[in-house]
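Labels A, B, C, D, E, F, G and H are assigned to the chains in the order they are written; within every chain, residues are numbered from 1.
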Amino acid sequence: MSDQILMKGNEAVGEAAIIAGCRHYFAYPITPQNEIPAYMAKRLPEVGGTFLQAESELAAINMVFGASAAGARAMTSSSSPGISLKQEGISYIAGAELPCVIVDMMRGGPGLGNIAGSQSDYFQATRGGGNGDYRVLVIAPASVQELADMTVKAFDLADHYSIPVMILGDGFLGQMSEPFTLPEPSGKTFDKPWALTGAKGRKPNIIASMRLTPEDLLEKHNLELQKTYQEIEANEVMYESYLLDDAEYVIVAYGTSARISRSAIGELRKEGIKVGLFRPLTLWPYPYKELKAVSDRAKKVLTVEMSLGQMVEDVRLAVQNDSKVDFYGRTGGMLPVSEEIIRKVRSYGG
Amino acid sequence: MSDQILMKGNEAVGEAAIIAGCRHYFAYPITPQNEIPAYMAKRLPEVGGTFLQAESELAAINMVFGASAAGARAMTSSSSPGISLKQEGISYIAGAELPCVIVDMMRGGPGLGNIAGSQSDYFQATRGGGNGDYRVLVIAPASVQELADMTVKAFDLADHYSIPVMILGDGFLGQMSEPFTLPEPSGKTFDKPWALTGAKGRKPNIIASMRLTPEDLLEKHNLELQKTYQEIEANEVMYESYLLDDAEYVIVAYGTSARISRSAIGELRKEGIKVGLFRPLTLWPYPYKELKAVSDRAKKVLTVEMSLGQMVEDVRLAVQNDSKVDFYGRTGGMLPVSEEIIRKVRSYGG
Amino acid sequence: MHEEIVVAGFGGQGVIMAGKLLCLAAMKEGKHVSHIPSYGAEMRGGTANCSVVISDDPIGSPVVPHPTIVVAMNGPSMRKFEPRLKKGGLLLYNSSLIDFKPERDDIEVIAVKANDIAEDEGSKMAANMAAIGRLQAAKPDLVSLDNIIDALKIAVSKRNQKHNEVNIKVLKKANSSTT
Amino acid sequence: MHEEIVVAGFGGQGVIMAGKLLCLAAMKEGKHVSHIPSYGAEMRGGTANCSVVISDDPIGSPVVPHPTIVVAMNGPSMRKFEPRLKKGGLLLYNSSLIDFKPERDDIEVIAVKANDIAEDEGSKMAANMAAIGRLQAAKPDLVSLDNIIDALKIAVSKRNQKHNEVNIKVLKKANSSTT
Amino acid sequence: MEAKAADFKYVYDRPKSLVDVPTHYCPGCGHGIVHKILAEVIDELGIRDDTIVVAPVGCSVLLYNYIDVDGCEAAHGRAPAVATGLKRVHKDKVVISYQGDGDLLAIGTGEAIHAANRGENFTTIFMNNAIYGMTGGQMAPTTMENQVTKTTPYGRDTADVGFPIRGCELVNTLEAPVFIERCAVYDVKHVLKTKRAIKKGLQNQIEGKGYSFIEVLSMCPTNWGISPVKSAEWVKEVMEPYYKLGNFRDL
Amino acid sequence: MEAKAADFKYVYDRPKSLVDVPTHYCPGCGHGIVHKILAEVIDELGIRDDTIVVAPVGCSVLLYNYIDVDGCEAAHGRAPAVATGLKRVHKDKVVISYQGDGDLLAIGTGEAIHAANRGENFTTIFMNNAIYGMTGGQMAPTTMENQVTKTTPYGRDTADVGFPIRGCELVNTLEAPVFIERCAVYDVKHVLKTKRAIKKGLQNQIEGKGYSFIEVLSMCPTNWGISPVKSAEWVKEVMEPYYKLGNFRDL
Amino acid sequence: MRGKPIVDVERCKGCMLCNAVCPENIMGIGERFNRQGLAYAVCVNEEACTTCRSCAIICPESAIRIIKYVEG
Amino acid sequence: MRGKPIVDVERCKGCMLCNAVCPENIMGIGERFNRQGLAYAVCVNEEACTTCRSCAIICPESAIRIIKYVEG
């Protein structure tokens, strides 16, 4: 473990982005992700990159639009209210089929709320808070190591499918330090023949999300987008199973609440209760099929969230049997309590 | 029918808001809802009200915040990209428990898309495109008459529950003229002891969505919001059944696509096919229970949308049996085609 | 009775108003009506059209991809909408401005010298009235001429009520003409 | 071994750094560690604290609502965190600055004159080192003193490496003291 | 009688960088004039291969269809942010942000001011036609006092909604911009002046000097409800006295 | 030796409209000073019953906890829009928008300029502390050249991110505002001047004159990383020469 | 006759700005319509044209090119 | 002795702006801590106080009130 280092989740995201070759980062300050811009402000100039503090979240996401349109790997980060402001921009990026990475370290809402970690922007992330038939690939890491690894992966996914990829963390994950190993660059490269580079020797490239005549263009465009989305659903689902082989009870949780659930499972297993964890690592595409299979073998499926019930809809869509699905959530920046999870699962035992 | 008049949907919304006592309207131009601000610019000064063209959608929704905090009935309107920009503000209004009415005449997306009518912002409207555990009451009228009636009702609902209410129409509905009868004012009045009116003779009122310590305040606040939401779910579900009593096939559709579905059902019934329409009039709260009951009796449930599949998730959540659920949608500003619906339903006959 | 009508021309020919007039007249007869202007693309420029549905039954889509009646007030409009007309449908075109002939032979065709009739009766602006008057003669089930004339009171803005005398003259003239 | 530690004091006492130091030392021993600063409310002002978990098992929540160990560097911190301490937990407090006594009798209590020790050894700034040194003596299973000293190389920024000699002196002195 | 092909030469021809398709603009629209002179300048500077245009939503959002260079749409008001992103990646390309007055001075006020304030090395062409053209004629920040629009049916009441905003003067309070000029295109002399200003703005960028801002008083006959010729006169008689033409800065 | 109670009187006491709770501000923070003088002005004008304060997110978002009047939060940058909504409903109340520099000149540039341009009849107090206080010290639009912040670790490089923006000068390009003044609170004389400016701003509003804008150069010792006393000196020595104090407009 | 303006009738939208700036006022609107349905500009007195290019410079549609006859 | 500043020790945060503006420089920082854990200001030479109120006017915490002794 000698190559392990201790870093805040937020800083790990920054360093991982640089490892992934990201040299253009635009953001506006907001707690609890301020360490990302602070880190980038220090590090990017050292590697010849551009850190720019935008005048607002709207400007930041549109600078990302510009840098991505130019062919560069571009990233922005924010937290809940700031991500709300970026929705129009994200919709435009999706519409223009541009790749980019967006980091959201969720905090308590609605409105100004508070700055403690939260998971109450699941809907916003997975259903698109912006307008139109589009999707954002959403990854939910649960440790600093995963934050770093998934950041590198996010850039590849974004470039491969030419879509926005969101790293959905929360304030706790961003603020906590944990030992981790710096990820390796993937080594993958991507051609971007569509990039705006000056039209030398070719016809002009145009980046747009407008499709004026509905008949001829916008529907066709959307159906093409849909094809990409289906490809992603087929190929990019990520999840983790923990002690599910014999599980009678399945806890479904992601990110920080999955960590806490895992601890609770440790305790419950000591009591001999057969409980395991199903942890989606991609929230869109969601591992519906895989969860369905797991839940078919289980007596009860408990969803644990730091919200009043958002991912649980995806769980219900997967399980298709509401009587099997239970929910435990904390809101407003509060963490689920391990004892509470234990109590719930014990109660199923009968 | 002598009291029927012919008006664009957009204008009907404006007049209905005035009938409802709305005297403060703030908006930013965007097609296909520009007739609302144009109408209000003319009419509000005539009734001593305030029409103000905001410098942006962000400003507009925050002016609504201010006017509502002041105790007034306030409204804004926009279309898809503009509604994306209002998400932060809507989340703040929900967090501060302020009433207001927001009109969204959806158009084709993502991004700039086009200006034809669309229903691809269903997720944004019903799942909240903003941050946090909050809800917006969403009403989906299907005719100019309903647009007008529901606008009046929306103000009462907003004041009763102190939440934002969204009228979710689409460009076609906003642009079309149909005969309708002007609605009557409801006559209801609402006390607003929390309003900012100057603290004469009392302790100061404070309007805020921030709750600094997660332990003491934000979670408690969110749980209170949740209670309101549950009350709404219990009391305010609205839907319409059409020929469902003997229906073997159920079409679920709202707004403009429900109109087209209804025409298709007319044709299908002529052929003796037992098909009916389930039309949610509130999209949140969604008539899950009611649809479940209907679908239990049916062989197939076809969801028709002007999107690539958004409300269908709610249908699946209601039906809890994906093998029964089918989907037909058009996107990018295109309308579902009656013949296509007919073909689909015929094919179930087998 | 169920007709799906497109009225098309260039901006300033009053095609939107012509559509509204049909609706208002049909409303008087207790029919279901809808009217929607074309606003398909945030495009500038000269053309304008509207879709009108008049029916005995409640109306589904107000948008009319395949009309049963097309009223084409200028050349580009006829070029655009003739192909979309339903088989057996009616194409009524303004032969004052359109100097070419329709191409299809599976439709009914009526040419009306709308601008000429209007000008003859004293108003350059009333070509739309000529078209509507002629349409009524061809499709008497749609709405009655009396109701059209009656609807003028609401359809025309206060400022333009003074032109209604001429409008009525044009309507009647075109209605009784067979060209 | 599983300890949940809160280190608290006012800004400038180096409580965040003290927490990091424990983590880095425990990492050397192959333990699982997590560290999270308090940032609960976007509030200004003097207090600072961090939560540290050191464990043989993977760590669930990095946030510590009920610590097993509290290191309180000033009065307000002790007032805030003493009540949260788990029954049987350890309260180690800086008696140089805290002139009142803990109230609970179901916990272990250690008073250490952290500022005095640090000043004696030549650095006003190293009170945090005194607290950590004393803690190690009380909880030798947590981490070894050697690893703490070793971890200083990474924990302390380049600019402050020059203070490490004093830091080590303070660590050792407090470690061997029993007050 | 027509002369034979060999007997004449073109003394005025369309610029090469102007794509040969009819525009979607209304008759007499100022956008068309400025597109053409922009294309001429691109030709004259020989930068067709190195130019990237950004146009936000507004009547001119289709700019990329008319100028034969790489192009990019932007959300309403966000062109300066998009241009910033582009230029920060391609420091050696010529980036142009072409924005309307609703766009630049209403919804995009923040982005416009901040890109200018950072001294981003790109060029802004600011089309001030005193109206929201694309959406059918609502009040713009630049709409004149008492001007009737869709959202000021009783005329712009300055006591209620304030006075028209002067873009050049606003930008001129910032330190970084190197070139600020207000032009017009209502007659030939002013078209040529505008062309010179645009050329200067692009030259500044090529030389790495920094941010240039060229405001153009333009015509929107459709939404002003007057003829193109009357519109040109209106610019001169109503707009110009309030929006003084001239150079504000040339460093 | 203490004199007996009967033997003295207060010649300086806390204003009545200031709620008697300790603030959450850091030692030496300028917000506290301005809160106090605002409360004094409210007392002196006798408008406690008619005042509504709006504070957006920023260190001073809890303003409503300190001034004993109706109060309202606003999203970051949106206080002028919220204040507009409030004032358009309550034309007879005194509405105050109290905003930081990150708030007013970065994310809220548009709202700030447009409320001013409309001449909304409310009063803005603009706290310029050259930093984002609440979020822990990032660059603000007003951050000084070469100033080190969390996001300018090598000092603000004006060639890269431009020069500090001057709020009063910007607002002063608009027609509608009736009162624009830049003040400071680094010493007693300037605190008293600031108080007079705020009073004037509120009086203008009461008289229905229109929009007043008062910029206050303020201290953020925590994020500047220097002592409160040094911070006061820094305002005088570093900020004031760039941000010239004085009245810009008084109609 | 030195030269004249050549109007691309399919581009022209008949705005008449050309005539407004023509020192000779020799641009007029024709009787015929182009494929867009618009009446377009014609030079009504080519003899008078000085080839000053004003019409072409102002034309928003870039519909005008100016030719000059070569000596002889 | 004309009067003196009275410091509300629980409000005071020890910023010393009071002393910086005091013409007599008689405000100092004490040895004790308040409940917030902060050292607070004390007037170290009340005799010298002119009751000019400067300290109170600048105090960001409104922690200072000034009393004046009544004649006699």
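By our rule, a contact is a pair of C-beta atoms (placed from the backbone, for glycine too) under 8 Å apart; a residue touches a chain by one contact, two chains touch by 3 or more.
As the structure is a prediction and not an experimental result, all values here were calculated from the model.
Number of steps on the shortest path from chain A to chain G, with steps defined by chain touch: 2. Of all chains, the one whose CA centroid is most distant from that of chain B is H. The chain with its Cα centre farthest from the Cα centre of chain A is G.
One finds 86 Å separating the Cα centroids of chain C and chain H. If each chain is reduced to the centroid of its CA atoms, chain B and chain C end up 34 Å from each other.
A separation of 61 Å divides the Cα centre of chain F from that of chain G. Annotation for chain C: residues 40-43, 45-46 touch two or more other chains.
Touching of two or more other chains is recorded for residues 13, 36, 38 of chain H.
Chain F has residues 25-27, 29, 57, 61, 73, 75, 106-107, 109-110, 113-114, 134-135, 141, 161 in contact with two or more other chains. In the complex of the two chains, the chain C residues touching chain G come out as 10, 45-47, 74-77, 97. Contact residues of chain B toward chain A in the complex are 58, 80-81, 83-85, 87-88, 91-96, 106-114, 116, 118, 120-121, 123-124, 127-134, 208-215, 217-223, 225-226, 307-308, 310, 313, 316-317, 320-322, 330-334. Taken in their complex, chain A has these residues touching chain E: 24, 26, 50, 52, 54-56, 58-60, 62-72, 74, 88-89, 92, 96, 196-201, 204-210. Those residues of chain E lying in contact with chain F across their complex are 106-110, 113-114, 117-119, 141, 158-163, 165-166, 169-170, 172-176.
Considering their complex, residues 1, 4, 6, 31-32, 114-116, 171-172, 175-179, 256, 259-264, 266, 333, 335, 337-338 of chain A touch chain D.
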